[in-house]
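Given below, in the form of structure tokens, are the structures.
Each of the two complexes below includes chain A, the first together with chain B, the second together with chain C.
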Partner chain A sequence: MKGLGVARRWAGLALTVLVAVVALTALPAIAQDAAKEPAYRSFPVIGSRLAVWGVAQLHLNFAAFILGCPIFAVIIEIIGWRTRDERYDWLAHEFVKLTFAAFSTTALLGAFLLFLFVGYYPKFWTYMTSIFFPTYGVYALLFFAETFIVYLWYYGWDWLSGPRKWIHVSLGVLSNLVGTAILFVANSWVTFMISPAGVDEAGALKGSVWAAINNFTWMPINIHRLIANIVFGGTIAAAYSAFRFLSARTDEERARYDWMGYVGNFVALSAFIVLPFAGYWLGREIYAFNQTMGITMMGGFMSWLWIVQAILIGVLFLGFNYYLWLGMERIPGSERYRKFVPPMLFILTIGFIVWATPRTLVVTLDEVRAMGGTHHPVIGFFGVMSAKNTVVNLMILTTFLSFVLYRRANRISVKPWARTGMAVQWAALFVAAAIVVFYGVYGYFVESIVRIGFSVYQVLAVLSCILIVMAIDIPMFKGARSTGTIRWGTIAPRSQYVLILLAVTFTWLMGLMGFARSGIRQHWHVFGVLRDTSAEAVTPALGYAANVITIVTIVFFALVTFIFWLGGLGEKGKAGAHGHAAPVIAGASGGED
Partner chain B sequence: MGFLRSRFFHAVLILALAFCLFRFGIRPPAPWSVIRLYMTVVLLATLIYVSADSDSWRNFVRPIRSTLMDPSQRALRYALMVVIPLLLGYYAYTQAAARPQAPPELRAVHPAPPDTIQLRGKPINISGAENPLRKDQASFKKHVAAGGEIYIRNCMYCHGDNLDGQGHFAKGFNPPPANFQDPGTIAMLQEAYLFWRIAKGGPGLPKESTPWNSVMPAWEDRLSEEQIWQVIMYLYDATGQQPRRWETASGGH
Partner chain C sequence: MRVPVGVKASLFALAIMGSYTYFANSIPQIESKPPQELSLEGGNVTPAQLVKAGEEIYKTKGTCEICHRIGQKGTRAPDLAGIGSRAATRKPGMSAKAYIIESLLQPSAYIVEGYPPIMPAVDKPPIGLNRSELWALTAFLESLGGTVDVKLDDIPKTAGAAAGGGAAPELKIPGDPKSGEQVFAGKGTCIACHKAGKIGASPVGPDLSQIARIQTPDYIMKKILDPASVGTVAGFPPNVMPKDLGTRLTAREYTDLVAFLLTLK
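So, the complex of A and B:
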């Protein structure tokens, strides 16, 4: 039976590859034919744009998951390999299993998206092909390589164990490198549509395709998506663990998935902390490319989207911290840190309030008159970037502090210099917070162009603080005295709902921000080069966009649940499938944190 | 006095204090849309506060559970069953009842300018454009004085003699005229942006701002190109604000 199952999976691989081959080899012929065709066709019932939007977003969600998850899976595998701790090997295998389950769906959605472009937007696709045709071959090659490597990585887990483990780990690293390259190629197409480069006024390629690839927003989106994929992969894996935790029948199973959920959340949180910096860089590059586009995004009709974004990110910050605080309950010795929770929550709440304050207030005429204008003389100070940059950096510092306290919850340093070390750590935190606040306040007294530069100092202060604190923390708690082992599986069940909430919130956020990125092109397929002359060229209202993204998010989670359920069916009755008997986690020493 | 230590009481107290602070502590009064947003955040934070550990959560839930389950609390239970729907009904009524004023709307604070505009047939670059009169520093005062005169003749009636948006006609407009003293208006914009807004006025606003979001006329019909740049110089000089400078493109592209 096992052999039959493997054969089926290889058949799945063959089908995926076949779909990709047919799709990619047909491209030149399709592109040539497209020239004779109408510019647009209409997709039945829902229209072409909605069809492309929905499928593209679903494809992107799955792609983000299968590209993000292996990044931390291979890191966890390396930790297990070097420490000879089988729990990590099991965990890495679990993460890759999730990736594997979603792999075919990603490819099929990608192929479907391609067919939609070719069939319903032939003129647009012909143009994109005229610029990016050389990259199609590269993409196909990378895709084949990625498919084979991931399959080998997953199925070779037992075969390449023991002395051959380094080969297996290398496969994991290689799959990540190839996966990242795929992301970069696909990003070149998307970013060219936002900020075209290397083309003349008629839109024809002037020289090498490299100029079109290396456009203004390419590298910022590469970095932003790479980090966001890790966050996304972490939250989805954590949500999966939460689901398994809540449906667990034994304490051992509960402990295992509690630990897996914690690791998934930790991964997501670690990457999430730097995500706003990458987003800020992307925003600056959009401004640098085209001021109009930047204003449309931040001050124009898209500006309300940032309030929604601020609320969702505020929820993420609160959720990450709440989960850590709940998690401390299962750590003996953490009681001494409970007193820090209310002040940290206070800072996060104030930060959330400031960040969510709109620049332009929703006001009635009476309120406008009472305020003496559309800008409130007090609240107005919270609506500008100085305030928002300041509070987001303070929220990052607070979240980092939560993590540091969690990390040392059951450990007492035995190093003679521990007191000095902690004093330096606290000093680093206060100095970083002071720098952030100083530049935040000073920003109100200087002109805009100078103020923009202050955000760099704020970011550097926060990153330096994180580095200094961790550089002291790691040696300080090496060989520390334990106050007890972590009681995995005893965390309050509501924490697991938080993990699911985080995954849903982040998926929704990705969809909305994707709409912002795409919507700022307005009535252009390729901004300033190829105009969208279809009947659906109008930029949708925010409410409509939010509804579409909500439906896509629901469909995504329905598909993910179905796929993971399918994957789980194969594992039922095979506790030791692939030689990966689940380890016993309950009462673990907590070395993994 | 045991209830003073109850988490439920803490939660109610936090919410009440936060509401009082937002409603009465901010002057002039904050718009209700903002108060609602702030209170939602505070409610979320309060729920986290009371449930961040199991003891606290049990403490919080105890009076709720008691009210719902305890036979001795039957009278209170019935009272709540009447009062809560009534309060919700009243809230629904206040939200749905017709009011003699336009509902609040979402405005684009800084609508995106076009890259170029036509001024009496002459194309003018908005993106990246500098005020040409600033090159001639010797004539700076002359241009500012001319701009001041143009302002007083044309703009003061709406934007006010203090440039604070409180002109004679200001009360009649929704939204009111821009307050140039506010650091969130011209200080955040390049001079070219102002040029576009003054030259094209309300009719030249992009669709995202809908034409009724400004009653300002298109001044290109009444002022010359030089006069528009002069009045812009006056706006910055009189308010003490600095125009935003253009960023130079980052390297590598």
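So, the complex of A and C:
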């Protein structure tokens, strides 16, 4: 049975490599032929645009997962290696197993996407090739390197253990470096389509391809996607654990997957907290590249999109907090902190409302007249960036507070300076909140260019607060007296649905942001350079986009479930493959995660 | 009967996505249609038809409404109501027609006071209007308070031919930014109230670190000579900025100072 599984996986690798080789060697030839071809062909039944849309989104979902998951898998492996805690090593292996299962599907979807471009958008493809051909080779090389490293990493787990563990960990680190490089190369293509650089007015490359790669939005998208991938990997892994938790038959299993879900969620949350900052940076670069595009994005036909986005982000924040609060219930001693929940919920709710208030909405002419302008007299006040920056920072602080309380739920510091320490922590939180609010309000009285500078102070206040609080927290609770161990596995089952909610919401949000990134080009393949002259050049409205996103997301989850099941991940009760005994979690000492 | 976990989880996930989808479908549905190409060359059109076509372009392909309003002062761009007559007064010796055409093809040749130079040349991508469209658009703008007299031949032959047409002229101030920086920190005493990039830190007046990006050279020059003439920056007290700077600085120092400020972006 096991032999068969391995054979099947190697067959999968062979197939992946074969497809990639064929696709990449065929490229130049295909690109040449394209010159004589029509600009577009139409894909049967659903049309080319939907085909590309669906496949691109699926490919992206899978790619984000297999790039995001190893990032924290290797960190967890290192923790396990340094602390000699077997639990972490098991968990890291579990995460890599998930990654691994999704690997060939990602590659196949990528090849399919390429096929769609070459076949159905030949003119577009020829143009992109004329600019980016040198990067294709790099991409192929990186891709091969990544495949082999991940295979070694996964299959070498037992072989490279003990004194050779460092080699194994290095493989993990290396696979992440290569994975990030792959992401950066692919990003250069997408970002060039949004904000082309390094080309003349006719669209021909002026100097080296580097100028085209290093365009306005490249770095911001690199960073944004890197962080988002971690969040995504974390939520998917957590949802997987939730599923295992809910279908578990023994307490031991429940405890194990409760813990795994907790770690996955913790990873997602930590990365999610910095995501809005990366988002603002990206937005600013888009404005810097082209005012008209920036304004279309935030105030034009896309303005409603940001409200939907804000709602999704609000749901995510609430979900993360709710999960932590539920998690505290399984920690003896947490009763002390229950009183903080209502005020935190209040702040989050207010934040949610303010954030979901639009800036400028495209409304009908009659509505404009009724409101006396394009900005609503009352809610328009909340609509400006100043208010939004402020509440998102407050929501981040609140979420951070939830986390800090969670950490100390079952611990009582034995340090003589604990009182002072806590006082300083609270002071740091309040000062940070005060700075955020102060600049938020002050922002209404100054020029927008000055205001943009304020958001930097707000971010700095929040980040330094996090640093100060943690710098005190870690020594303060070293060797702390315990009020009881975390009763892993006893968390309320509804918490597991929260994990599923988070995964589904984040996946959907990724689809939406993909639509925003692509839709902002409107009727251009490459903005201002290569026009979309196909019959499907219309950028659809949000409702239509939402329908497509939902269908693709459903397909994604169906595929993931199927693949995880196929990969032998569904084996009931059995502790992981490769003789990795699943650790016993319940009653494990400490609970410091 | 117990419902299997798989079924419950799937239904839950579907319900979540369903509500997002429902919400997205319940808000105003706005599509972005690709602009239609308009060709009037050689054809016979009445001025009324022309104006109508121009209005259409103004609202759709021209994307002018992103920044402009008619009959309402925007914060991004001037109100275009009455532009048909106002245009004649903008530049001495320039007709309304010529000024409007110039505004469209070389927006930074004349910068309306109080606005940043962000308007794109509308015959270049991404807006990329062709000659016919420019003709109709000009007619429409003329119709706002003026008389429609534009002919296709008034639109330069090079317009709309993407590669053609010179780059917008850049304003050059004949000063030396290095000496200007010294004036800023020394004799001008600006540093007592302003921050400018790496130098200065005073919060009394606005941070000037990006002044050249947000304000026009014209505004900056006036602000130094006569601070009150161009209004007060929101959030700052009026009458604090010294009024006698124009008399204290030599012409040389003044141009150097302006040249320095124009490097701040």
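Assume the second predicted complex is superposed on the first by the 563 of 593 C-alpha atoms of A that agree within 3 Å, B and C clash if a C-alpha of one lies under 4 Å from a C-alpha of the other, contacts with A are read in each partner's own complex, and residues count from 1 in each chain.
By our rule, contacts are C-beta pairs under 8 Å (C-beta built on N, C-alpha and C of every residue); 3 or more make two chains touch, one makes a residue touch a chain.
Small disclaimer: the values here were computed from a predicted structure and weren't measured.
*Asks:* With both complexes superposed on chain A, which partner does A:Ile167 reach: first (chain B), second (chain C), both or neither?
*Replies:* After superposition on chain A, A:Ile167 lies in contact with neither partner.
*Asks:* Where does A:Ile46 make contact in the superposed view: on chain B (first), on chain C (second), on both, or on neither?
*Replies:* A:Ile46 sits against neither chain B nor chain C.
*Asks:* Considering only the touch criterion stated at the top, classify A:Ile353 as touching first (chain B), second (chain C), both, or neither.
*Replies:* In the superposed model, A:Ile353 contacts chain B only, not chain C.
*Asks:* Who does A:Gly314 touch here: chain B (first), chain C (second), both, or neither?
*Replies:* first
*Asks:* Between chain B and chain C, whom does A:Asn290 touch in the aligned arrangement: first, second, both, or neither?
*Replies:* both
*Asks:* Quick one: is A:Trp304 in contact with chain B, with chain C, with both, or with neither? Answer first, second, both or neither.
*Replies:* both
*Asks:* Once chain A of both complexes is superposed, is A:Asn547 in touch with chain B (first), chain C (second), both, or neither?
*Replies:* second
*Asks:* Of the partners chain B and chain C, which touch A:Ile474 in the superposed model: first, second, both, neither?
*Replies:* It touches nothing on chain B or chain C.
*Asks:* Report for A:Leu246: first if it touches chain B alone, second if chain C alone, otherwise both or neither.
*Replies:* In the superposition, A:Leu246 touches chain C alone.
*Asks:* Need the overlap of the two footprints on chain A, from chain B and from chain C, as residue ranges.
*Replies:* After superposing on chain A, chain A residues 290-293, 295-296, 299-301, 304, 311, 361-364, 373, 447, 449, 542 contact both chain B and chain C.
*Asks:* Using the touch rule from the top, collect the residues of chain C that touch chain A in their complex.
*Replies:* Going by the criterion above, the answer is residues 5-6, 8-9, 12-14, 16-18, 20-21, 23-35, 63, 66-67, 72, 76, 118, 120, 124-128, 162-163, 206-207, 210, 213-214, 233-235.
*Asks:* Which stretch or stretches of chain A touch chain B in the complex?
*Replies:* Contact set of chain A toward chain B: 197, 214-216, 219, 284-285, 287-293, 295-296, 299-301, 303-304, 311, 314-315, 318, 322, 325-326, 329, 338, 341-342, 345, 348-349, 352-353, 356-380, 383-384, 444, 447-449, 452, 492, 494, 542.
*Asks:* Tell me, which parts of chain A touch chain C in their complex?
*Replies:* The touching residues are 201-202, 242-243, 246-247, 290-293, 295-296, 299-301, 304, 307-308, 311-312, 361-364, 373, 442, 445-447, 449-450, 453, 497, 500-501, 504-505, 508, 519, 522-524, 527-529, 531-532, 537-547, 549-550, 553-554, 557.
*Asks:* Quick one: which bits of chain B touch chain A in the complex? Just the residue numbers, please.
*Replies:* 26-34, 37-38, 41-42, 44-45, 48-49, 51-54, 57, 101-115, 127-128, 164-166, 171, 174-176, 179, 182-185, 187-188, 190, 206, 208, 242, 244-247, 249-250, 252-253
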